[in-house]
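Consider the two complexes below, in which chain A is the common component and chain B and chain C are the respective partners.
Moving on to the complex of A and B:
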């Protein structure tokens, strides 16, 4: 194993507020103040174990079932936001969002909230397990089959939609397959469709003739095709790249990808064991990874709300995220959200600004959907000096700290605290996770 | 510019090269003072094309429309054979001035009678359904963003879910509900502190510098919006929802916003029962709102750089139903507002003597209109390989 992926062994002062926040922001959706203090006390390994725990409130998880009958996407969006904000299973929810971005499926076409929920539960329950099993389940997922036209893929009339995205986006990446492979794989998947809300194989629509996939000839069916795709060396690299982009930095080095692909294969494709290595590695805590991503709307809101120990109504949170350009269950295309700089334009910046200012301005019960008590959060005394330390301990934030300390000198402490929090949250520095 | 090979599927033949289309680009004249703007007005629900542009000389028309057939004397004549609905008086005046173009029979092959599917086809410019959630306006926005990162090339003005047309590969177009949407939430002391921080911000190739630059642009846009909102109205608009949306667009265009693509909707066109009064009211809202918009653009000197397209996801069945309404149909006329349309009646009128499954067939592919708007009006790459419609004759 390269030194990049060796375990990070922080010396006394290195496991600090910035390092603990970094881990909580990436592996989850940020820490509440008590969670951060606990992380600082306990150290890296116990913190990672807590993040990996899947102990979300069973009541909250079950609460969606009676709501599904309404067929209202907003309720489903709010429910997922609630799971994210609650933070009972941080890494699980983080990984569910990573998979939603990779296997990006939109209700705009699926048009069935129950199917979107079922896919979300699949990504949640299988997302930290064996990637090979996840991919096979996604290929049979009814929402995916509707989204990528499985129902219209019939013998003699192949629809290449799923076969193409399987290779281009989900498992291999451009350059790792031929156009012919897409066409042949489409034939192999013919007959895979839905019956009602369930997967259905229709033998009479399946093309059982021989196909040539990746240079190998056989009467391949859909399952064979998935097996052949998973055997391609590019597949493990593709998954490694997805993990590195999500957890470390955009445009990861080829060397990191190759190393992490090796870890994935050695871990028998288990995502949890692979992430255990990655999230405790020297690479993960290196300057290359720190504040290296432009935060997406969902993580930005959740991290800000949790850092302030605020309670944010999930439906409001889902709407704010949509205003900023990330409507859950409605990714713009099968490519998912482009992320990075594509999150940012004038309209989305103003949406970010307004949502983050709303968090600060809700202090003292001024907003029925947001509960935040900045005085309690900051403790006694002149508070504004502590705001930068709490929210942005690792950024080069001397400039920010200076501005915060000279904010609104004529106003009272509560007003200064609100302005300080708003200034830090809306700063470009805070948008970098 | 990243263009997927899948985007250009025409008659089963893959067209991967865009180079031939790009060769036509220098058609844009250089004299325009601001960038050209395209406003798309969507008549949601399926506008009854036959009672919008009425073929009043045809006996078949009155046979198909025993109760809904419109009385010839009340219509606004376009040519010897066609006339506009009585509620479209303002539009008829614009037509007489050469500012309005009517294109007959716009549609696409194998028309879908599903609202959702047909809108998806119009929005994606892709009847084969391979466009993967990307819309034709979003695709243009992507192209504009590629050369001006951080700009706001497209806006949806409305309060519904963002239409597919505005989704690009690079993200969604923002929604502006009303004049207050781009208003900044502020707290005392925030603005000056923010300005001081921006002054000493890094100006390099880093993400942080990019974010500061984007923030500067956004705060400037919000400030301009505040100022625009305070400006007195140049012309009176009727108290109608569509008029308010178009007024906001006129303000943004005149106020120097860099947005070049706008989409607004007017609903209420799904007239399955008791159509006559409903349809007349919706067409009146369209006509009066567009007329005010035109006057406003003229008053602020932006009229020559704004082109407006009015479309609906389908027309309605030629024969009326038993509820004095009409059911979902196929091709329908489209309006273009603005001199570049060329004015007049264009395309081939639908033949009521030759119906396909009760509908008139399309005579102009909507993608040809799109291609003309994309290539010749906006100066961008077209979203299909369908030959562009000749805009000005």
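Moving on to the complex of A and C:
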């Protein structure tokens, strides 16, 4: 193992507020103040174990079931947002969002909230397990089959949509397959479709003739094709790249990718064991990884709300995230969200600004859907200084600190606190995770 | 010398022209309405009369007893930090005398509140039993305030004397007493104006506003509360929703939902409201519009037409309404603003498509009597398609001028289902299956979704099973086939009725709504958790509050009547008796 992935052994003082905050932001959706204090007290390993908790509140998890019959996507979006905001199983929810971005499926075409929920549960339940099993399940997922036209993939008239995205986006990446592989894989998946809300294989529509995939000839079917894809060396590298982009930095170095792909294979493709190595590595805590990503809307809202110890109505949160360009269950294309700098453009910046200001402005019951008490959150002392310390323990620029400390000295403490929180939340520094 | 001259001048003036002494103020005439003591600038006025029995008997008053025994009363009192009896005892202790008796003395001949929205200030006028008892009650309150806030002697003497009244001030708050009259307000000018009106035997106050005196004189006996609202004058101070409501007369959607009478009522110049405490557990509200300008051709009895026959008991809700759909179309250019006319044109074109090329206004809707019955009941679902979220079904029953016109409606129903299916198929959605069913020889066109595969779950769309039937001259259109079947059975052999007096009614049965709530309780709790982020316990408590509120009432009845330019609304709420002591 390269030195990058060796375990980080923080010396005295290295495991500080900034490091704990970094771990909570990346492996989950930020920490509430009490969670951060506990992390500082307990250290890295117990915190990582806490982030890897398997379940949140069973009542909240189950609450979606009576609502699915309503067929209301907003409720499904709100439910997932509620699980994220609750923070009961931070890494699991973080990984579910990563897979939702990779296996991007939109209800705009699927048009069935129950199927979207079932796919989401699949990503949640299998997302930290064996990637090979996850990929095989996704290939049979009814929402995915509807999304990528499985029902119209018939012998003699292959539909290449799923086969193409499987290779280009889900498992291999461009340059690691040939056009002929896509055409042959589409034939292999013919007959895979849905019956009602269930996966169905229709033998009469399946092309059982021989195909050539990755240079190998045989009467391959869909399962065989997935096996062949998973055997490609590019597959582990592709998954490693996805994990590094999500947890470390947007443009990971080839050396990191190769090393992490090795870890993935050694861990028998288990995502949880791979992440255990990554999230406790020197690379993860290195300056290269800190504040290297522009926060996406969902994580930005959740991290801000949790950092302020605020209670944000999940439906409102899901709407705000949609306004900012990330409507859950409605990714813009099969490529998912572009992310990175694409999160920031004139329209979304205003939405981000307004949403974050709304969090600060809700202080003291001013907004029925956001409960936040800045006085209690800040404790005693001059609010403006403490706001910077709480929200940006390591990254406040001198400019930001000066602006916060110069806030309307004549105004009362509560007004200064609201203004300081709004200023820090909307600063570029806060939005770099 | 310089000092002596002005003093001498003052002394001379005192001799030649004495200081003006306050003129004696005539006692308040017994017949003076309290509204005449409230300044005309108050656009909201509420008065209460006949309070003495209520205040003297307190918790022993029959209405109070009934109210406290009702679910509503129990709900209120259980949420209070003190029981009503304890609250009264505490008030007695604070005052050092019976609080209710003091209040009864002060409000013996009524209590009135005026609100000026421009200044956002209010004035309260009370006329007591006699000057001594009112003075005693006021002294008790002022003494109690002195004790509570540690201001000994602060209110021993009046701070001023205005229009023959003793006045005490605390910041902007003012209390004044003149004989048996007590005036309280949060603006000095408003209180001063009320006292001037009281001092002027010809003072008209709010009675100077057109219509107030007449409606006051007409108020029924046994009134607990009477109110006057200057709706038109309130518009500048109200929000956009209020202004939109005021524009109901010219809004097709408002006309369709509210009807011509309510549209006229909310857009009238002013409104009087009377709230009466019933003999039994219940409340009655009576609204009268003043200077309404209704859409005359849409108000009841503007066009002849029969009423559908009576239907069985309310279910969830039952209504008899007057909606002249035909005239909405044929007179649309006179009734509605130009910007909505394109929508009408679109509807006419689509109507012709479904109704064999006939004109929607004249030849289709114009052949329906404007009298409609609307019913809402819990429908019966087939075992394999009982929705996980059951919703109430609704149906409308109309009268055709000719039984044969029903054929066109059946054909249109089937065409619409087909078009809907085409649209759904384009979106990859399940189609509605058309069925022709029979009930006692009457043909029913119904549309249903295919039953879901076992284990797939029954979505909310299974609440929709639209159906249409023609029973003699009755046309029945419902959201659920089982309700249409039931109505066909009820209408069999019945003929339409003559229109009668033109009253419109709505009845609600709270028991049915309670059952519906119980069936959807867990769904509502889950919705609260997911949408608002409540914990399960908190969500259960909040939805439990709704359950409690519904348990408060047995039902309600709303009746609309009155002249076209003075529509009236009467609402009766029946409180539910608590079944078990807590």
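Everything below uses one rule, namely that the second predicted complex is superposed on the first by the 432 of 433 C-alpha atoms of A that agree within 3 Å, B and C clash if a C-alpha of one lies under 4 Å from a C-alpha of the other, contacts with A are read in each partner's own complex, and residues count from 1 in each chain.
The working rule: a contact is a pair of C-beta atoms (placed from the backbone, for glycine too) under 8 Å apart; a residue touches a chain by one contact, two chains touch by 3 or more.
Predicted, not measured: the structure shown is a model, and the values here were computed from it.
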Practice task
Overlay done on chain A, so just call it for chain B and chain C: clash or fit.
Solution key: clash
Exercise for the section: Identify the partner contact of A:361: answer first if only chain B is touched, second if only chain C is, both if each is, neither if none is. Expected result: first
Practice task
With the two complexes superposed on chain A, say which partner A:111 touches: chain B (first), chain C (second), both, or neither.
Solution key: both
Exercise for the section: Please indicate which partner A:334 is in contact with in the superposed arrangement: first for chain B, second for chain C, both, or neither. Expected result: first
Practice task
Report for A:85: first if it touches chain B alone, second if chain C alone, otherwise both or neither.
Solution key: second
Practice task
Check whether A:379 is in contact with chain B, with chain C, with both or with neither, and answer first, second, both or neither.
Solution key: neither
Exercise for the section: Considering only touches as defined above, state whether A:315 meets chain B (first), chain C (second), both or neither. Expected result: second
Handout entry: Of chain B and chain C, the chain that contacts the larger number of chain A residues
Key = B
Exercise for the section: Could you tell me if A:67 is touching chain B, chain C, both of them or neither one (first, second, both, neither)? Expected result: second
Problem - Superposition clash, chain C against chain B - the stretch among 171-179, 279-287 or 351-359 that is involved - result: 351-359
Exercise for the section: Find the residues of chain A that appear in the contact set with chain B and again in the contact set with chain C. Expected result: 111
Fill in the blank from the handout: In their shared complex, chain C is touched by residues of chain A numbered 59-60, 63-71, 75, 78-79, 82, 85, 111, 114, 146, 195-198, 311-315, 369
Completion exercise
Note: in the complex, chain B contacts chain A through residues 6, 116, 120, 129-130, 132-134, 138, 145, 149-152, 155, 164, 167-176, 182, 184-190, 193-194, 196-197, 200-201, 207-208, 210-212, 214-215, 217-218, 221-222
Handout entry: Of chain C, residues touching chain A in the complex
Key = 387-389, 427-429, 452-453, 456-461, 522-523, 525-527, 529-533, 535-536
Completion exercise
Touching chain B in the complex, chain A uses residues 106, 108-109, 111, 149, 161, 164, 292, 294, 323, 325, 327, 331-335, 337-338, 340-351, 353-354, 357-358, 360-361, 399-400, 403-404, 406-408, 411, 415-416, 418-419, 422-423, 426-429, 431-432
